[in-house]
Amino acid sequence: MSFNVYLSGEIHTDWREEIQRGAEAAGLDVVFTAPVTDHPASDAAGDYLGETTPGFWRDHQSSKINAIRTRTLIEKADFVVVRFGDKYKQWNAAFDAGYCSALGKPYVTLHDEDIVHPLKEVDADAQGWCKTTDQVVETLRYVLQP
Amino acid sequence: MSFNVYLSGEIHTDWREEIQRGAEAAGLDVVFTAPVTDHPASDAAGDYLGETTPGFWRDHQSSKINAIRTRTLIEKADFVVVRFGDKYKQWNAAFDAGYCSALGKPYVTLHDEDIVHPLKEVDADAQGWCKTTDQVVETLRYVLQP
Amino acid sequence: MSFNVYLSGEIHTDWREEIQRGAEAAGLDVVFTAPVTDHPASDAAGDYLGETTPGFWRDHQSSKINAIRTRTLIEKADFVVVRFGDKYKQWNAAFDAGYCSALGKPYVTLHDEDIVHPLKEVDADAQGWCKTTDQVVETLRYVLQP
Amino acid sequence: MSFNVYLSGEIHTDWREEIQRGAEAAGLDVVFTAPVTDHPASDAAGDYLGETTPGFWRDHQSSKINAIRTRTLIEKADFVVVRFGDKYKQWNAAFDAGYCSALGKPYVTLHDEDIVHPLKEVDADAQGWCKTTDQVVETLRYVLQP
Amino acid sequence: MSFNVYLSGEIHTDWREEIQRGAEAAGLDVVFTAPVTDHPASDAAGDYLGETTPGFWRDHQSSKINAIRTRTLIEKADFVVVRFGDKYKQWNAAFDAGYCSALGKPYVTLHDEDIVHPLKEVDADAQGWCKTTDQVVETLRYVLQP
Amino acid sequence: MSFNVYLSGEIHTDWREEIQRGAEAAGLDVVFTAPVTDHPASDAAGDYLGETTPGFWRDHQSSKINAIRTRTLIEKADFVVVRFGDKYKQWNAAFDAGYCSALGKPYVTLHDEDIVHPLKEVDADAQGWCKTTDQVVETLRYVLQP
Amino acid sequence: MSFNVYLSGEIHTDWREEIQRGAEAAGLDVVFTAPVTDHPASDAAGDYLGETTPGFWRDHQSSKINAIRTRTLIEKADFVVVRFGDKYKQWNAAFDAGYCSALGKPYVTLHDEDIVHPLKEVDADAQGWCKTTDQVVETLRYVLQP
Amino acid sequence: MSFNVYLSGEIHTDWREEIQRGAEAAGLDVVFTAPVTDHPASDAAGDYLGETTPGFWRDHQSSKINAIRTRTLIEKADFVVVRFGDKYKQWNAAFDAGYCSALGKPYVTLHDEDIVHPLKEVDADAQGWCKTTDQVVETLRYVLQP
């Protein structure tokens, strides 16, 4: 069995690499995809389309370009991992979870225990709550066993 | 023209009442719906189903009961307003926005200027960004004109 | 708020009447629907279409007539209650739950504690597990509050 | 012609192996998939996510992990075989049949004659009722002929 | 319970009136809809749009106007009756049945025994085969009982 | 029979009023809806949300507000009339036609003969091509006959 | 470009082979699929499942087995050719056309001029009407040009 | 990452080749598809099906043949570029954009600044507005980065 897995959310730690290394070590047949994780590049994603006023419209132009990639990858994924880190609001991660929920696409969340309460609606539609990247790898190992 | 409008998000200020009063003053034919906005009641929504360990499972049980109401009301709505306030993470609001996006349901966001950047993905799929409840009322007035 | 609620499953006890009385006592705006609950009538549902060999084909002919009612009512429902009783296999109740799950339609289960384990997949996609009809009424009261 | 076939239901006899051997002997181009069929492993599927109270919540956590696999495989399947054995309630098999029905995905049932009556609703939407694994293989051979 | 029922197919006998009279006599809450059953008017449905060459293009222009009505009514119906008479090919009735099948909309067929074999694929997805209009009325009476 | 009809396209002539008068004269049970047809108001639809640079972003902000109304009305319509006039490009009308086509929603076009060729793809999925508002009224009269 | 083409309808002449030879001669990258075209085998498709009374139930059992193949192949096809011959009613061909229509799947019809009128509803949703197998091949050649 | 990109719209300049050369130079893994861009061939696409009256019906017959290709390619595309040139009305391009919008398929527009205003509704649902083919290539390069 093979799976296409989209890794949504936090871009400031190396959680994606940890999961990928773990999946590789376990010999799993998984293709991982992700948003553009270079923060400045992502913020500037639409700048080549022309100057805009800083703030809302620059963000708007860039976010719509980023969405070409993210929406398509989520729709192609068999499974999504949604990561909430310590810093930043990461509303985009919660947005992706809601998007998955409406599509009926299975996802797990990955976050620490101290944010269980504010994430309760996001967790309610998830297939599971992982606290560590090892648990995500274990999820994949279990689900993809022959 | 009449519209069914779901008011998603922040539950600690009276923004819903402001919009409802404004719509009434403008004579608009709108039915407003909302999640249960009594915070302790919402957190305890599933307690009558049986004791659970505090934390994740209590939240889980309650959130799934709340979702019976919220998912149904969003799917019945013609239009959704998603409010992000000053306090709390409000990942549930972002989740609702993502849910609307996947359904192709139109929504506007309602938030202050200082959180434009972290909300850029949520705003990217919105039909507009309102900074005040008056702007939400004006949106409804414009959209629902005869 | 009003809701259209389908009551699926067991037909040999008066659980439907208990819920309906409870909802009425609570003053809830609910329309309840259900399959034909007269067991012999349901088994004979297709007999007027012509004689068949007893067994599979008679059952087949009747079940397809019953499905005109049940599938339509489930699709029109905002919410479904799926009841598993003490007797009989009630595979039709589990079938209805799977049908709801694929449609993304919210449901709760209603069953005793001693069948939690064999019902775990059915409960996994439910919004909640009720042990009593009072808990179902409380679910409706909570969800439908103004 | 090739087909992707999901084998749902009973996990205590070797019916899946019989079908796979038969299909291989007939030279059919079929990829078979299935849930995790190791019963204790399946019951413990979510234990690595953290301790829960025994009973409902442990089952809940495990079933949701199992559903990542089963829902995805059913949605990818061209055809589903739903097996009801002599023992156990197998509500999960009926749940899968209802899920297929709502998706319009073709399935056959595989069960003995003595449970025709309680399975009548599940059989009503099936493309056929097989009594033996040979009949399932014959179904595949017929459907997949050049 | 009320139902919206579309009566598809043969337009040269009074089977629709028989069903409507029967439903009225039984006190059923049914709204019946149908295609335009005036044959010359139906053939000329698009003539006001401009002259066409007789044959294919005149038929094409008229059929597309008729489809505005028929497709919309089928999609709004809860239930469809598809009638095949003695005369004419009635491919449009079979077309409507296939349309219902793809939408998952329940239908019964109404035809004599001598055309069972050529209608086998159309009957295979039907919820039942009626031989008389009385059987259609009985279907409605059974399905719509309180 | 009653119909909900959306009148898309040209806003500089009184074709909508002609159709509405004709439908009223014919005693038809039709609810007509339309975009905001006050051109300056439509161009300024989003100005209350805040200043933007003139040109693309002002247009963008206004068009997204207008789309709250237009997309919702098209999705609620049973039938759409798409009007192409003599002046202006009216790409929005062609856009609405493509939107209807993807939804499987029936529409007719209303335009003069001299633009048949450039509109051939838009006409190809239409149920008919009307040259006059009288023909639109006749379409409604025919389709909605008892 | 490559296409997956389903050839629906008449099974008593060699029109499928003519199209396949023509496509091969034109060097087109097409995979053709079809129902089981051996008439007695198709009528007996379900006989291995057990004896039934001759007539309706034997036909029913066989047609549902055949539908496992036909429905799946139609849903996988990019394009469908629906053939109506001189003999037999071929309601199954019209059924397949209606099924394609509801799915929005493009099809052409293939039939002689003398049945244009009774096929007008089936032709109305087709992308074209072919009178010869050469015209079907030409359709494929044109559509699949680089 | 690889993408399937449909290039919709103008057929009188070499904008498609510019994009393809740019994507190749950037080493991008993209499969480009397009309508038939030979104008006389496209206008004559249905002529082999038989003579028609010049004008509407010849255009109709040809457009429906062209739509077999264009609708299928749009539905298979991950991403669509919609080009509006200086000449011609290009309602077909706007139609394709509306079709993408209803499907939730991401697209960018490619057009000069002087037609921003009449294209405002088409741009409102686009992920971005490109003024040059280089900007389209940059969009692909950014979106498809590893």
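As written, the chain order gives the labels A, B, C, D, E, F, G and H, with residue 1 at the start of each chain.
Heads up, the rule we're going with is that a residue touches a chain if its C-beta (ideal position, glycine included) is under 8 Å from a C-beta of that chain, and two chains touch if they have at least 3 such contacts.
Which protein is which chain? UniProt says A, B, C, D, E, F, G, H = YtoQ family protein.
These numbers come from a predicted model, not from an experiment.
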| item | value |
| --- | --- |
| Touch-network distance, subunit C (YtoQ family protein) to subunit F (YtoQ family protein), counted in steps | 2 |
| Same or different residue numbers at the subunit B (YtoQ family protein)/subunit C (YtoQ family protein) copy interface, by half rule | different |
| Equivalent interface to B-F, taken from A-F, A-B or B-C so that over half of the residue contact pairs match | B-C |
| Label of the chain whose CA centroid is most distant from the centroid of subunit B (YtoQ family protein) | G |
| Which of A-B and B-D has more C-beta pairs touching across its chains | A-B |
| Inter-centroid spacing, subunit F (YtoQ family protein) versus subunit E (YtoQ family protein) (mean Cα positions, whole Å) | 31 |
| Mean-CA-position distance for subunit D (YtoQ family protein) and subunit C (YtoQ family protein) (Å) | 23 |
| Whole-Å gap between the CA centroids of subunit E (YtoQ family protein) and subunit H (YtoQ family protein) | 40 |
| Junction residues of subunit G (YtoQ family protein) - those touching two or more other chains | 64, 67, 104, 129 |
| Touching residues (chain side subunit G (YtoQ family protein), partner subunit C (YtoQ family protein)) in the complex | 52-53, 57 |
| Of subunit B (YtoQ family protein), residues touching subunit C (YtoQ family protein) in the complex | 33, 36, 41, 45-46, 48-50, 61, 64-65, 67-69, 71-72 |
| Residue ranges of subunit H (YtoQ family protein) in contact with subunit A (YtoQ family protein) within the complex | 1, 3, 78-79, 104, 106, 108, 126-131, 135, 138-139, 142-145 |
| Subunit F (YtoQ family protein) contact footprint on subunit H (YtoQ family protein) (complex, rising order) | 55-56, 59-60, 62-64, 66-67, 70, 84, 88-103, 113, 115-125, 129 |
